[in-house]
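Before anything else, here is the set of structures, which you'll find just below.
Shared chain: chain A. Partners: chain B in the first complex, chain C in the second.
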Partner chain A sequence: MSTKIIYSILVFWLIAVVPGSGETGEARKRISDLKRASPNESVSAAEIQFGRQLAARILGNYPLYDDVKANRYINLVGKGVARYAGGEIREYYFAILDSDEVNAFAAPGGYVFITKGAVLKMENEAQLAAVLGHEIAHIMQRHVIKELDIRDDKGSAISGIAALIGGASGGFRETLDKALTDAEEILFNRGYMIEDEIEADQAGIILASMAGYHPGALKNFLTHAGAFEKVKAHPDGDHPVLQRRIEKINAVLAEHGLQHMHGQKIEERYYDYIKKIRY
Partner chain B sequence: MDIMNTKPNNRLFLIIAMTVLAPAVLICSDRIYVRSAKAPLLSKPVIGSGALLNLPMGTPVTRLTEKGIWYKVTYKDQTGWLCKLMTGPTPPTPGQARPGGELEKISGRARKRPSAFTTTAAARGLMDKRKRFAGKYKLDFSTLEKIEAMRIADDEINDFLHAGGLN
Partner chain C sequence: MITLKKFGISAVLCIIIGLPLTGYGDDYHYVNILVGDRASGLGGAYTAISDDPSGCYYNPAGIAFAPHNSLSGSANAFSLSRKIYKDALENTGGGKIDWEQESFSIVPNFFGIVRKLGNGAIGFSYAVTDSIKRRQKQSFQNIASFFGDNPIDTYSININDNDETYLLGPSYAYRFSGSFSVGATVYAYYRDKEIIRNQLIIFDQGEHQLMNSYETEISWGYKPSFGVIWEPMETVSIGLTLSKIMVVTSDNEFQEMSRDTTGYSDDDFSDTNAIYFDRSGNDDTPDFPFTAALGAAWFISPRLLFSGDLVYYEEMTDRSEIVNFALGTEYYVTDSFALRAGFFSDYSNTPLLGNDRINQVEHVDIYGASLSATVFRGMSGITLGVTKGWGSGEAQIVSNSPQIQDVEIDNLTIFISASYSY
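Take a look at the complex of A and B:
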């Protein structure tokens, strides 16, 4: 066999094996990707539909704080942070709720709400970005959907929600209604599991820091204002949840070398946009 | 090993083995996808370290190793670090349309026939017809649609971030 033929085969082999190059391999990959993408689309649509129902319930409980300028500002901050979020949700919506309590809610599908009381407790834009990042993380990590634990026959929680949304019978409708009520219960009363809250803290800090905000902002807000979400009672009852979260945040800041990173805090712009908000 | 100095039978074996193995290696290549709108490929696994380039959403990259929240990846001739939060095992799905009216049908499933009171109240303008009770729960889709209608262009977000010294 001639040297040329052997070299030709070697070249073909290298082109096919080296990832990211080689048109044949790329084309094959794209076809398989397209096939795999379809189920994702349907579960994303179901997630949005479910989240939209839940968001409408949140708005049924809490009126919107009707200030276009303030709500636009919240959206600019939130969307700036959400640009660094992967996951299935592409469009996030942010709104201020007209309530004096210090709280924030995340509904699947990209709906984030923060109360007027929480906004008034904040000292700068970085704290707002960190809290919105925390809520975005709850959506990315599908904490509410996982907590509901509605699974399809293959054990997938999100596909279980998709089955409920797509179901036409009365049984499906009742189960969907119950799932929404349970989700509402998690947000308003029962709270997230502490592990989910800590995971959202970590992801929120990373997302906001990637956007250029001060990494210590979430810790500063929690220290100043206290927790802004309900957290499920934990067997480790002697160890207060807030203290545990702050300890974990300290660990995250140390692990990623963020303690001394100088991110933006942005106080002036924050007060310019929220100065009309009053208790 | 010098392939040219091997015996013809061995050479043939090597060629067949490589040809057969190539697709298998291709399938096993550890490919992940950029899922976020912004995804800087960083020179070090540290937030704030220099960005080698920004990877567009949907870019396939090859994962080499991982460290904490980071994947070490290659893209074309560049090797760098990508935050795990920005990636996924499959390409991002196309932009999802918000169902809007379609959802009304879903919520309408649980909706009871309007009572004489709600009908009269709506006629008088006392009650937003879209703000109603589904069973015992109050739903407010009209406000939700108002929130969804707030469109913000990418350029406006870019200007906002730039003005704040953000990324």
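Take a look at the complex of A and C:
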């Protein structure tokens, strides 16, 4: 084969074939490219970093409850529910806080905490799964980040957090520190918007039900233990928050035909794992 | 007494045992190092893919298809090559002795960067396409010589070769439509070669032959590379790359010193008391073949692809026309873990050896297999891979002798690389 022949083939190709070419090029993208192509990937990484720092602050306020068996159990239940969450957060982490309060916290990026007091108030594994599902829903819906309302130059709250995390200057660090303090304020004092709380209730019920738990577990827990998170004061504050949440839970159970569904409650295993927990 | 004599003093020693005519570098094969992390795992079957920085080397048109700006660097963490000339020598008892050479190197052999610019892309890359650090340090006793009544008591050979080829330069590609792109790379070419050979032969009756040679070559040139990629359908890509190394300047020096007390040499070297010394040089530029690589890739899914290349090298003086092949496959076991495997040829560009002829260059066809794994984390990826090459053929390492030796080649390269997209 001579050089002339090869050049001739190339020229023929350029002249004859190219005009007929269509728009292609997507198929060569590998699964790693497609994952990388999603801007959510880097945003999720920023969320995880932000959440990790917020989790550290939560642990600064509440020490971890030192019971390996109970914490492993909480993680097994939580990860079982989180399997149905989807989204960009690939890994969720669960832990019990050594506090007699009845409370639970969710930090962006997949960090979920539940207090010893809440665990002791629960009557079965289904209620635990429902509360953990509620916290997973806060993370999925990015309630804390949206509430912080840090926006980038394109108006995106999520990218705003990413910019803060990626920023290296002193100004960025100060703003990040303030954002973390504001997030603490939301979790510990101010509370979520009532709409966010209701959204988390509804999504949490769906997640726990998909995992096979009794759909009415969250309603039962709220009825039995009361609201386990603070809710931001609302203009129509004359409407009791707990009552409103239960009404919305009833609505979502009815909407999805879950009120007559009999999922697992699992009392024996629950008490077996938490029996050493004491006030 | 020192006598200056131009050219061919080693012929004195070649009467008994010649220095190997083979292997100044590995000019007898064209695929001496696979370049690029992904491409190496695919056995070099990359002409139709080339959509990352190593595309600057394999097919510059491919970088126009790069999904991201990216940079990539790779290193051959461990590269070992062993060549055995079977039964090269015979001892006085009739037993056969192998001649063994090894090359070991650690080379950062590729770095490249690609940046997308609208429908085009620019790139810059550095590649080490050949790196040989050949060593041989062997000593033999009681070797048969051409002079049956005077066998060799001790034969010592010491080889120390260093031969590296570097490419460095920019690339540009433009995507005319969704399915067609053209691109070009212009590499600066630099070769640094140093060949050191020492040989001592002591005969039974006390005479000796001693030779030392030292050869260097510094060459500069350029390597233009022109490529096209066409995707005739969604999942198929075809690529073509044309290239040729053009050497502009070459500085070659040769120095040899010998002494022969046997009296077996011809008239020119018959003074058994003389030390012959030769130093010479020239600026002859080596020629390289025109190369055409034609490749195809089938992107079956975002997890699986197959690719294949045929690479043609034109015939040249003392070099045969050859066509090498490469086949590769890539499979993502998970979203962030990819395995690659390849199979390729590295045929000898020398003619087959014939009987009843002397001083023929060796002919060893090599086949290779590659395997690599990449772990992706966020925007980065880390690759660990291995390439194994093997081949057998024939050589004539004894000068002026029609005797042909079997040759076995065994290569092993472990490479690591990192890439980052942004």
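Going forward, the second predicted complex is superposed on the first by the 244 of 279 C-alpha atoms of A that agree within 3 Å, B and C clash if a C-alpha of one lies under 4 Å from a C-alpha of the other, contacts with A are read in each partner's own complex, and residues count from 1 in each chain.
The criterion applied here is as follows: a residue touches a chain if its C-beta (ideal position, glycine included) is under 8 Å from a C-beta of that chain, and two chains touch if they have at least 3 such contacts.
Keep in mind the model is a prediction, meaning the values are calculated, not measured.
After superposition on the shared chain, chain A has more residues touched by B, the comparison being chain B against chain C.
Contacts of A:91 after superposition on the shared chain: chain B is touched, whereas chain C is not. Legend: residue contacts after superposition of the two complexes on their common chain; A:243 is shown touching neither chain B nor chain C.
In the superposed model, A:264 makes contact with chain B only, not with chain C. In the superposition on chain A, A:223 makes contact with neither chain B nor chain C.
On chain A, the surface patch touched by chain B in one complex and by chain C in the other comprises residues 1, 3, 6, 10, 13, 17, 25, 28-29, 33, 36-37, 41, 45. The part of chain B that touches chain A in the complex is made up of residues 3-4, 8, 11-12, 15, 18-19, 22-23, 25-26, 29-31, 34-40, 46-48, 60-62, 68-69, 74-76, 83, 85-88, 90-96, 98-99, 102-103, 106-107, 109-110, 131, 135, 137-141, 143-144, 146-148, 150, 152, 156-157, 160-161, 163-167.
Of all the residues in chain A, the ones that touch chain B in their complex are 1, 3, 6, 9-10, 12-13, 16-17, 19-20, 25, 28-29, 33, 36-37, 40-41, 44-45, 48-49, 52-53, 55-57, 59-61, 63-64, 71-72, 75-76, 79-80, 82-91, 93, 95, 111, 125, 140, 165, 173, 176-177, 180-181, 184, 203, 206-207, 209-213, 215, 255-258, 261, 264, 266, 269. Of all the residues in chain C, the ones that touch chain A in their complex are 49, 51, 65, 67-68, 175-180, 228, 230-235, 237, 240, 242, 290, 292, 297, 299, 302-303, 305, 312, 314, 321, 330, 332, 335-336, 338, 374, 376, 378-379, 381, 421. Taken in their complex, chain A has these residues touching chain C: 1-3, 6-7, 10, 13-14, 17-18, 21-37, 41-42, 45.
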